[in-house]
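First chain A sits with chain B, and in the next complex the same chain sits with chain C.
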Partner chain A sequence: MLFTIINGLATGMAVFLVAAGLTLIFGILKILNFAHGAFFMIGAYVAFMIVGSNPPSLWLFLLASVAAGLVVGALGFITDRTVLRRLRDVDEAYMLIATFAVLLICEGAVKLIWGVNYASINPPPLLDDAIIVGSLFIPTYSAFLIGFGVLVYVALDLAIHRTWLGKLLQAISNDSWMTGLLGVNVPVALTLSVVASFMLAGLAGGILLPNQTLSPVLGGSYLLLAFIAVIIGGLGDIRGAFIASALLGVIESASSVLLPNIPGLATYVFVVVFLLVKPQGLFGSAST
Partner chain B sequence: MKPIHFLAIAAALVVLASLPVWANQGVTFIVGLALVEAVFALSWNLLFGFTGMASFGHAAFFAIGGYLCGAGLRYATGVPFLALLGGAGALGALTAFLVGLVALRRSSGIHFAILTLALSEVLRVLIAYSTALGREDGLSAIPRPAVNLGVARLDLTSGQSYYWFLLVASALLAWVLWLVAKGPLGRVLQTIRQDPERAAFMGVDVWRYRLGAFTLSGAVAAVSGALYAPWAQIITPDSAHWIHSTQPMLASLLGGAQSFWGPVIGTILFTAINYATRTLIGLSEIVIGVVLLVIVLSAPSGVMGLLRRFESRRNRPAAAAGGGARVRAATVPTPAGEA
Partner chain C sequence: MLKVERLDAFYGDSQVLHGVGITVGDGERVAIVGRNGAGKSTLLKSLMNAGPRVSGLVEWQGENLRDMPSFRRVRLGLSLVPEDRRIFGHVTVAENIEMARYAAGGNALPAAVVIERFPMLVPIKDRPGGRLSGGQQQMVAVARAIAARPKLMMLDEPTEGLAPVIVEQLARDVKAACVETGAALLLSEQNLWFARQCTDRLYIIDSGQIVFSGDWPALDRAPDVKQRYLAV
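Up next is the complex of A and B:
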């Protein structure tokens, strides 16, 4: 039972790592970024190019993840300049179709560059063990994921609620026109938050690399759960996304033990019930 | 309807009807799929473009119709095909009605989108779990039916004859949707899209009209699925996948969601691009993505919006020249009633 919960928390943190960037960009730009999953996938491929199937050491693995974050962050800058920026004042439906187009381009590029073959990656040394506490068996990698997820959450929460830049972004999210009048360079701040969101996607791609088989369909698999976590958590709310991700992970994990034949059912039923009962998200109000 | 639009539709019908005579089977098959997808997209856009609701789980209705029709043709051979189509429509309408009854009261906007998405995923998971419906492999070898019209019996077992049936059925469905969209009901729905609050103030029962639109849309989507099953002769859980739900959205937005025929234009474009790039792995996605991006960036109101802009520029060249017309066309959506 405890094992199921820990396993679920690890899954939940994996979802959160993807959802964090998604909710950040949603909170500020008010767009649902379909391409987020694709950039997460590109991050995974970049990290894979650096470390290969058997990461030689933990440090190289972490370094590769950071490098993936930087590369994807740079791609985010390009995407912002070429696409997102031109769409600031357009109806959100067109934002959706534009990010979907970016998703398609990314998937095509991944297929062209890395091929359609599957690759599986082992956890790096130190993370391929297990911690055994009494009868409890915890893979080190799960423990690492949980720790890393919490770390990212705390860092983001502090950055948004305690730093000058974070407060600035909150102001923009509230009323970008007024903030602009007050002398803040809104376009630069927006670009910055896009880059930050994409860096998070790339970093997540690197960190989650050992958890799955790498293939061009990777983007979609996490995207949907991350979307749901963002919605349930309340749009743009980092804390909500964190808790919702953990919840989703535990539910998914529990359902794979209790209903092994119908994967995913419990998760979606939960989402439906939750949205009907509490459509405004975990913490009440829809805005940050 | 303006004469030029009438001519365009007549020409399209002539080309489509004569297609099996001059095109090969592969092309005919793809065009048949496009017809189904076009009706599916039209049903979605009745919600989005005309009522202002974005359903992200529309593929669920498509799958309901497809599986009902597929299972009926395979297991219940005595049931007439037209009854299966009607049954699919009724089941789609019923499902949409029940979902709408709860979902439309409790949610709107993005929550409604995610709610429908989650519901359609529940359906997909259940279908993939059901042994009677072929689990992950779906129902294959679905036979094509014969239709008994009383006076004559139409044998649709050959690809050609079923294609013509498909064309007639799609045209009829499109016509019905057109009548609805252009009629008094469509006017009310557009009022709701533009400003639900004001519509309510004027005495429109917003919730009831939304529910009606959702029900009708679900019914048409289910019938399009039912038409699809015997054409492809296979239906899989993928037809309920959320990726399939994005298909009508992309087609509608690409073609122009503010226009009734936009989704059809979008579907045609998508099919053409897919067909032209079918042999290039990886490159096809890039081409589709770039085309989408260029269209969205240069013409936010879709292909139909672009055409209309040309039209208005031709009609009054002096007044509409320059940037003013462009800005206006981009920011103020033209009411769909003008098409």
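Up next is the complex of A and C:
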């Protein structure tokens, strides 16, 4: 039982790492970024290019993840300049279509650059082990994921709620017109948010690389659960996304033990029931 | 130091301002009065480049502002308090005021110093912006503008919907804040009493055109003007 929960939390944190960037970009720019998963995948490929199938050390693995974050952040900057920024003042439907187009372009680019072959990646040294407590067997990589997820959450929450940059971003999210009238360079702040969101996608791609099968369909793997976490968490709410991700992970993990023949069913039932009971999301407000 | 000439403003295809010309000198306090829909808000927003499409000259301290975005204008010392006030609900009164400092950077005043100037704000400084009365919101909005140390503060119908006693308090506080900081004031109003308390001269705007310019005694000497453009 405890094993199921820990396993679920690890899955949940993986979902959260993907959801964090999604909810950030939604909270501030009101963009549902379909391409987020594709950039997550690009991050994974970038990290893979650095560490290969058998990461030689934990440090190189972490460094590769950061590098993936930086590369994808730079791609975020380019995407913002070429696509997103041009669509800020038009109907939201255009933005949805545009991010979908970006998704297709990214998937095509990944196939062109890295081919369609599969690769599987082992955890780096130190994370390929297991912690054994009594009868409990915890893969160190799962423990690492849980710790890393919590770390990312705490860092983001502090950045948004305790720093002035975060407060200004919240102000933009609430009323960008007035925030501009106070002297904030809103266009630059929005570009920064896009870059931050993409960096999170790239970082997640690197961190979640071990135990994955790397292939051009990876982009979709966590995206659905991440979108669900963002919706249940209350669109744009980091804390909500964090808790929702953990919940979803545990539900997935429990249902794979209890209902092994119908994977995913419990999750969808949970989502439907949740949205009927609490359509506003976990904490009831849609602020960041 | 503010010089506006031949200013036209449009929402989509409909033209709202027609060849507006006004000036506001250093530290001068000037009112724009006119009926509902006359174009007062449009004029103030045009000066900040915050909404309508604009053509004509807006010159500030000798510089033609052209299509400079509003956040840059703020940094040059222009500041607008919009008619709907737009206090941020997610932070406190003090943080709303502090926000101006982080937004505009540079030489803005600390919230504590600004709050002292507005006695009404002292007891509510830690209250969330989302839980304020209309009068309190207006005070916070003015204080937030003052915090950025504007050289020209623009207030858009600050008295709208406020109780008379609050209007009196606001008149004292606005005037005092301008005098103490040396800020000029461009005030859009329908409340003539309030406008007269706060300013030395006025423009009357009607259907997007300036139809009268002069000091308050000059308006007293022209009852026909008052009757035609301001009577309800």
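One rule holds in what follows: the second predicted complex is superposed on the first by the 286 of 288 C-alpha atoms of A that agree within 3 Å, B and C clash if a C-alpha of one lies under 4 Å from a C-alpha of the other, contacts with A are read in each partner's own complex, and residues count from 1 in each chain.
Going forward, a residue touches a chain if its C-beta (ideal position, glycine included) is under 8 Å from a C-beta of that chain, and two chains touch if they have at least 3 such contacts.
From a predicted model like this one, the values you see are computed outputs, not experimental measurements.
When the two complexes are overlaid on their common chain A, residue A:G108 makes contact with chain B while staying clear of chain C.
Here chain B and chain C are compared by how many residues of chain A each touches, and B touches more. In the superposition on chain A, A:L168 contacts chain C only, with no contact to chain B.
In the superposition on chain A, contact of A:S57 is made with neither chain B nor chain C. Of the two partner chains, chain C is the only one that A:G180 touches; chain B does not reach it.
Legend: residue contacts after superposition of the two complexes on their common chain; A:L275 is shown touching chain B, with no touch to chain C.
By the touch criterion defined above, A:S120 reaches neither chain B nor chain C.
On chain A, the surface touched by chain B in one complex and the surface touched by chain C in the other have no residue in common. On the side of chain A, the complex with chain C involves touching residues 164, 167-168, 170-171, 174-175, 177-187, 287. Those residues of chain C that touch chain A in the shared complex are 48, 50, 69-71, 74-75, 79-80, 82, 86, 88-91, 95, 99-100, 102-105, 144, 148.
Only residues 48, 54, 102-103, 106-107, 110-111, 114-115, 117-119, 121-122, 125-126, 129, 242-243, 246, 249-250, 253-254, 257, 281-290, 292-293, 296-297, 300, 330-331, 333 of chain B touch chain A when the two sit together in their complex. Residue ranges of chain A in contact with chain B, taken from their complex: 32, 83, 86-87, 89-91, 93-94, 96-98, 100-112, 116, 220, 224, 227-228, 231, 235, 261-265, 268-269, 271-272, 275-276, 279.
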